[in-house]
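What follows is a set of structures to go through.
The two complexes that follow have chain A in common; it is paired with chain B in the first and with chain C in the second.
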Partner chain A sequence: MNSGTAIAREEPAGAFRQIMAWLHTWGGLLAGWLLFAIFFTGSLGVFDDAITRWMKPEAPAVELRDWDRASLVRMGQSYLEETVPRSHFWSIGLPTKDIPVIRLFYEDEQEQFQSERLNPATGEPMPNDAERETEGGHHFVHMHYEFHAGTAGVWLVGVFTMAMLVALVSGVIIHKRIFKDFFSFRPGKGQRSWLDAHNAVSVLSLPFLFMIAYTGLATFYSLYMPAAIEVHYPEEGSFFAELLDQPRHRPETDVDAAVVPLDGLLLRAEAEMGRAASFVVVEHPGDSSAAARVFGVFDEAEARGKLLPGTSGRVEFDAVNGELWDVQVPGEIRGGAATATQAVMRTLHFAGFGGYTVRWLYFLLGMAGAAMMATGAILVMVKRRQKSLREFGIHTPRVYRLVEVLNVGSIAGLALSCIAMLWLNRLIPIGIEDRAAWEIRGFFLVWALTLLHAALRPAGRAWVEQLLVCAALCLTLPVLNALTTGSHVLVYWAQGDGPRLGVELTVIVFGLLCGLGAYGLLRRQRQARPLLNAARPPLLQRGAESEARG
Partner chain B sequence: MGLYGWRLFWLVAAAIFGGYALASGATVFLGAVLPMVRAEAVLAATLLSFAIYTAAAIWVFAARDLKRAWLGLLLPAMALALAGWLLGGVL
Partner chain C sequence: MNAWLIVLLPLLLCYAGMTGLSLAMPRHQRQVWPAVALAPPYRNGLRALGTGLLALALLPCIRAWGPSVGVVLWLGYLSAGAGGLVLLLSWRPRSAALLAGVAVAVTVPVLLTS
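Our next item is the complex of A and B:
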């Protein structure tokens, strides 16, 4: 075995640290590629509302008025009864300041998730060319926790989050001088600088990284770690019913039964909660087990500064006979210390408790996390570019090459496909079928192309080229926006449209950073080339030749 | 004594699957014995499990001895799960 991972038997403490170094390097590298994507898109997802707003430039087709909520719920119910009389669920969302239409979500006969928007004035479905159909900023949130791959994606993210906890712990173990390392940055020194950068961002954001990884796992605790629930409860539903002191979920009976008029339930619920409703959800409509829940409007000012905000109001009915089951008034907290702990962890993860100040803090710390992954992955290769450690025998150059390709494609390539998503939002024609899905397919296509590009070009060139394209797409996005919608930074500034202005300015700053990165790399490569050619060890030359052949 | 080949494969497998088994077993046990309402105890134990899993994965690599790693994870996992299952019915 090579010197990097060989174990000195006579020195057990050193051996432990060496094995932790090995674990940190390879575990961190393997997990780091996807973790970079998870952190990068999670940081963008902090601003999902602002990004959605930017991605929907058209003025809403209907004005927000003080609608009669009962009649809106009636419209929603009659549409759903005609379309999917029997379903796993219906959900009727009432108009909000940002989305002034009736939003319907339901599962169709093929158990596919569907959505529809109704004009609150007429109850008619809105044509899909009235507004740009898009997943908006929520695309980044989906990427962050499930890669658009449903439960399998949530598991994948969970596995990598666990790997991250292990990498963080092993990283702390191998750092004898964690604070000294933090204060030393030696730029322009190749490997040493990458290590310094990696240490600095890691130490700086360490508490945040532990918190965000752990609270992410805690958010999906019943999926990831179902053992105790499985053993101590007959089924998951009865666990949650006991935990949250809520009516038990009723399984479907397959006996047909009509849902009572929901507008009546809405009015009763609003009276019980003392607050306006925002959502009505019906479970198993058409079945005699149907249950209805009415949720109160979320009050952001009320939740501000609270890690344990409690419910925003929730009333539950038997949806077949209208019997009232349960009322939770706004602010009510149920369950004991463990429930409260889990709720606080979720609030911490979702960054919603402190307005834009906390969102910016999360954005910066999340990006620091992404930078930790990136500098770590680059460091592995910078070290091995100088001197091969021959960990993989005769396959070593090929493995190193694969690592380089994955580094470029998962770091520069992911950033590039994120900005490409905003381009696609402006370029894909409005009104085509499945428009939102095409934006997402486009995102994945661009990401795949960046991997292909990285595989075809020498690593150094691939880095520079992808960073340059990324910078160009960022810096010209305002131009594209102006050409396609007539709006730009100055318009947003004049209108006082903070979210859209923020998105565009952040993109410009990001473009400048990518441009600087590409410029720095290019300059270093020009300086380094004569030196490298003069004294190149044989193995690296072979690696470089295979690189050139692609 | 190095880390490569099948030995590495089985160590990594022990960390991932053995660690998960130990965390699951500990969760079942703690869910039965923590002095709280059952649902609360189960939730508290489940939240703790990710820390137990992390520690188990680190321990596997520190132990490095394949047999010790697997036995050290699976025996306590089974004992804890069984004890938790039995106590869960009694308490």
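Our next item is the complex of A and C:
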């Protein structure tokens, strides 16, 4: 900031603003392509439960009743003891209303994550085709914060989020008429309209955009700023153990020891917490250092209206002798003011604190954020399509072409692959190995194909075609659903199935918007520049041509 | 109070408040009434009315969701109300103003009686 003010003082008025404008344009554009994906999938992720429900049309054929939780944990434990007697961790999830089976997660001997589902009536593994294996709406959440790329993905998203904060601040600096143009949107005026739209969506959703970017960074503070923790707390998990006043992680001893029966721990934990348990986790089972944690059921009604809801209950035991180590009752808050502040920010980011009202507001404002990235990226090219600014010398036409291709592929292409994901969910056969992963591979494959398509077609055509395909996929989704599962909007309406109905209606509305966009674009292209529709010369030739013209 | 009413009350109030603020600006006032030029006192009145309605929207938010979440939601509603207005104002300016009038007529009595 110091160098900025220094420049403003030394150089003629407006120079600082010009530098900010440059930063905003190119920084915003480079970050905007992936930020669009982050915002778009994040907005969808707000409704991950509803989307998962839509993506799992067949509930597994399991009787739904009030199970004896102790016996279910016993089933889980005996399966795990047989399969992986020694492991880094076991996790046993008890049946819920939405997932009425026992869910097991564990690490096998090759240190690979595995999961299994047991029938709560028999304790036997559920067959592969018992239900449609899918990541569901969680796919969009993973895309949103890590692009399915683990810690590297979280870092990537963090870097782009920082870039977004820079773009927001520089955008506010260069926008001279924030209040005068507050309500202005003049449609049908080319570049002017794109600028208006970009300004309007950005300014009106600015408080949300700052909040969501900042709280997103704060959520992963220990990953983004690990140095101090690594230096002062070299032992695994010791930072959080001290911060939250929890028992320390015990390193593995390599001495064999059996895990005590977990059903006994479950009952004691439930008595301590005063509520039902949802998960039992065992850390290095089979080793004499084993520890067990029992987590309480998350009560959404209780968390509603609170920005600092505290824990849902957490009890920790020595898993070898059953000694009780630690009890956190539901609602308990540990870790002092800084941890509480961070927890409030996390609550704000995760949109779960106020039911559907908050979720819809986040969805709409998140989409406004995505629209900000899209209109900004498009504006860059709308401005330069009229008249080349020749920023890159003789390479300018090629850079412009690259920007056009990336714009189409990252905006229309990403939206298209998101809806394609719902199609894949209905088309990929049930029961195949790795089915959930195939859906995700399909998503990325479609995204890559949209980029390829954008690279092969003239930009104007590529936009229209991808928007049209997107609209068609959205509008015919209910037909596909009816053909493959026999359900669709009207069935959901009659059953009063709000989440599934909401998903399908939202998809239809989105399809209409895409269709409208394609129609408007097509009309404009026919009207204004008949030449644009004519076949364009290939890349290199066109570059030379515009050079000659410029 | 009815669930839909809880959700819609702050939205309508924010929408109407933002309309008041926009009509206080000559550019948008001409969009709605091209033949009229409002004198400054009227414009100040509209601005005060708009601000008042925006502030009033905080009331149902806090009542329904408590102070902390209520304020967060109010900020979201401000954006949503302004966004709806911008869309309507650019294509149907007259209807935009009319809707704001209806919104005030409906919400304020509900708010005062409930």
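By our rule, the second predicted complex is superposed on the first by the 510 of 550 C-alpha atoms of A that agree within 3 Å, B and C clash if a C-alpha of one lies under 4 Å from a C-alpha of the other, contacts with A are read in each partner's own complex, and residues count from 1 in each chain.
Keep this in mind: a contact is a pair of C-beta atoms (placed from the backbone, for glycine too) under 8 Å apart; a residue touches a chain by one contact, two chains touch by 3 or more.
Since the structure is predicted, the reported quantities are computational estimates derived from the model, not experimental observations.
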Touched partner set for A:A338, first chain B, second chain C, both or neither: first
First (chain B), second (chain C), both or neither touched by A:Q114: neither
Chain B versus chain C as contact partner of A:L217, first or second or both or neither: first
Which superposed partner A:L348 touches (first chain B, second chain C, both, neither): second
Which superposed partner A:S78 touches (first chain B, second chain C, both, neither): neither
Touched partner set for A:L361, first chain B, second chain C, both or neither: second
First (chain B), second (chain C), both or neither touched by A:T122: neither
Which superposed partner A:A200 touches (first chain B, second chain C, both, neither): second
Partner contacting more residues of chain A (chain B vs chain C): B
Overlapping contact positions on chain A, where the chain C interface meets the chain B interface: none
Chain A residues touching chain C - in the complex, by the definition given at the top: 180, 182-187, 200-201, 204-205, 207-208, 305-307, 348, 353-354, 357-358, 361-362, 364-365, 368
Of all residues in chain C, those that touch chain A in their complex: 6-7, 18, 21-22, 25, 27-28, 65-66, 68-69, 72-73, 75-80, 82-83, 85-87, 89-91
Of chain B, residues touching chain A in the complex: 1-4, 15, 23-25, 27-28, 30-32, 36-47, 49-51, 53-54, 57-58, 61-62, 64, 81, 84-85, 88
Footprint of chain B on chain A - complex, ascending: 1-2, 5-7, 9, 16, 19-20, 22-23, 162, 165-166, 169-170, 173, 214, 217-218, 221-222, 224-225, 227-229, 231-233, 239, 242-243, 335-339, 341-342, 345, 391
